[in-house]
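To keep things clear, I will list the structure first and then write my remarks on it.
Letters are used for the chains, namely A, B, C and D, taken in the order the chains are written, and counting of residues starts over at 1 for each.
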Amino acid sequence: MTTVADAAIVALAVGGVFFGLVAAVGILRLPDLYTRTHAASKSDTLGSVLTLGAVAIALGADLSIMKTVLLLLFLFVTNPTAAHAITRAAHEQGIDPWRVDDEGGGE
Amino acid sequence: MSDARRSPYVESTIIMTTVRVIAPFVMTYGLFVMFHGAKSPGGGFQGGAIVGALVLMLAFAFGADPTREWVNQRVVVGLLVVGVATFVGIGLATMALRGSFLEYAVIAGAKSSKYAIELIELGIGAIVSGVITSLFFLIDAGFDVEADAADAGGETPEETPGEPSSGEVGS
Amino acid sequence: MAPTPVEAGLLVVILGSALATAVLRDVLGSIIAFSAYSLGVAMLWVVLRAPDVGLTEAAVGAGVMTILLLLTIAKTVRPSEDRVLASFDPKTLVLVAAFVLALGATVPALPAVGSPDAPVVSSEVSQYYLDHAYKDTGVENVVTAVLAAYRGFDTLGEAVVVFTAGVAVVAVLKREVTA
Amino acid sequence: MTSPWVSDVLLAAAGAFILYAVVLLYRVVAGPTMQDRVIAVNVVGTNTVVVLALLSVALEETSFLDIALVYALLNFLMSIAISKFTVERGGVI
């Protein structure tokens, strides 16, 4: 028997898996570091947050739902910070961004 | 390595802010793991490692030298001693109460053995976090390649190698 | 017993990152691959329902291990990297293959994961711990009960070992930090 | 409250995230720069947090959330450490 909670869990989990796929494909296929960071910071954060939302609903009213919400908040804060740190380090190191007319810059 | 026109990669505001937000949670969580090891996974070792990682996190965000001034080295070494002393002390206390070494049940009171075990977990946590923190600071301040070469060669180095440049990074 | 898809995926992650750690020429790359290995191992512990070990792996592998390794290579000399992958010494390969074979030969002798007639299940010692731990010590987590109460003296020994190692390192490196 | 097949769905989602971790290992090995590797490992770490949370529901062991919480708190420490290290070769810390 399908309830509203089931439908919400499945929808959120499918959305999370989809954005995880976007992040994985982006990191594998995008041409350079800075574009890959977009996939890492945005898609992956959104995917994990959606999936953790599914987990929170599946856990129901419980103390552990608080842990899931904390997890969600921490991921939301730390993941973009990590992406910022990596990209800034690359910029400081003098790695140039990829451009369209840059033939050898891509893969 | 970085271009000359850019300043070196010092503390980034974003990283400092994030660490400032996260650090209280990490500390609380490390203590939670230590205290709550009787009920959920975890215990002294894991909690101590988390608290040690907190100090490392602060050192990365704000620089090692300000953190070294903030976390007193004597306090860290004191933590090690207090941890072992707690463990041995509880063992000896049970012996003083005519039990065997670490026989918690002789301590009077309901759930006494549970509280004794939690105290011991705290002691282990103090040891582990102290070891991690002091290892970090010592390796960080430690064997400078030029200083070691100067020591071995007998040349006089231009700066005293034992003096960490504590004034520079703090600004 | 065939592994479930989750277990199979985890094994691929662990073996792949371990291999990457071994073959990457740059030490920094090896450290990065090693942290991926630590992530995979923590997931495997959780799948095998050993949350205490998983928590240790998480706390040590995520935070402490990577940074201590980084500090070590920061203070030492790295070989300059011209290739991505390391070259192999045939003698080392033979040695590693022999070691892997010797270890792999013991795997069939182990009981299957979760097997009901594994020694750890059928032995009366572990059953005693499971039955009596809460009554004896008032601690819900059996692992903590065994570590801190049943073999408390052993744990004291471990704590003293960690303490001694820490004090020894402090004493050896102390001259560098005295300001 | 939730139907029994929901945990199968969540287990399948965990399998998908592990599959992503497998393919991201290519980026860890191939690079080309160190920062690429760090990004890939950072995403693997985020996936690990998600997988642990999913497994804690699917296997009905809520204590696994503790491990996920540790990773969520400490995973970005590695990224910060390596990114600072690559710039100044250990001079920063």
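By definition in this document, a contact is a pair of C-beta atoms (placed from the backbone, for glycine too) under 8 Å apart; a residue touches a chain by one contact, two chains touch by 3 or more.
Everything numeric in this text was worked out from a predicted model, so none of it was measured.
Undergrad: Return the chain pair with more inter-chain C-beta contacts, choosing between A-B and A-D.
TA: A-D
Undergrad: What whole-Å value do you get for the distance between subunit A and subunit B if each is reduced to the mean of its CA atoms?
TA: About 32 Å separates the centre of subunit A from that of subunit B.
Undergrad: Compute the distance, rounded to whole Å, between the mean C-alpha positions of subunit A and subunit D.
TA: The answer is 10 Å.
Undergrad: Roughly how many whole angstrom separate the Cα centroids of subunit B and subunit C?
TA: Comparing mean C-alpha positions, subunit C is 21 Å from subunit B.
Undergrad: Measuring from the mean C-alpha position of subunit C to the mean C-alpha position of subunit D, what distance in angstrom results?
TA: About 18 Å, centre to centre.
Undergrad: Two or more other chains in contact with one residue: find those residues in subunit D.
TA: Residues 38, 40, 56, 63, 66-67, 69-70, 73-77, 80-82, 84, 86-87, 89, 91, 93.
Undergrad: For subunit B, which residues are shared contacts with two or more other chains?
TA: Each of 1-2, 8-9, 15, 18, 22, 25, 33, 40-42, 46, 50, 53, 56-57, 60, 140 in subunit B touches at least two other chains.
Undergrad: By residue number and range, which residues of subunit A touch two or more other chains?
TA: 70, 74, 78, 81, 85, 88-89, 92-93, in rising order.
Undergrad: Kindly provide every pair of chains that touch.
TA: A-B, A-D, B-C, B-D, C-D
Undergrad: For subunit C, which residues are in contact with subunit D within the complex?
TA: Within the complex, subunit C touches subunit D at residues 5-6, 9-10, 12-13, 16-17, 20, 23-24, 26, 28-29, 31-33, 35-36, 39-40, 42-43, 46-47, 49, 51, 54-55, 58-59, 62-63, 66-67, 70-71, 73-75, 84.
Undergrad: Touching subunit A in the complex: which residues of subunit B?
TA: For this pair, the touching residues of subunit B are 1-3, 6, 8-9, 12, 14-15, 18, 21-22, 25.
Undergrad: So in the complex, which bits of subunit B are touching subunit C?
TA: Those in contact with subunit C are residues 33, 37-43, 45-47, 49-50, 52-53, 56-57, 60, 73, 77, 80, 83-84, 87-88, 91, 101-102, 104-105, 111, 113-114, 117, 120-121, 123-124, 127-128, 130-132, 134-145, 147, 161-164, 166.
Undergrad: Which stretch or stretches of subunit A touch subunit B in the complex?
TA: 70, 74, 77-78, 81, 84-85, 88-89, 92-94
Undergrad: Flag every residue of subunit D that touches subunit A in the complex, lowest number first.
TA: For this pair, the touching residues of subunit D are 1-3, 6-7, 9-10, 13, 16-17, 20, 23-24, 26-27, 33, 35-36, 38-40, 42-43, 46-47, 49-50, 53-54, 56-57, 62, 65-66, 68-69, 72-73, 75-76, 79-80, 82-84, 86-87.
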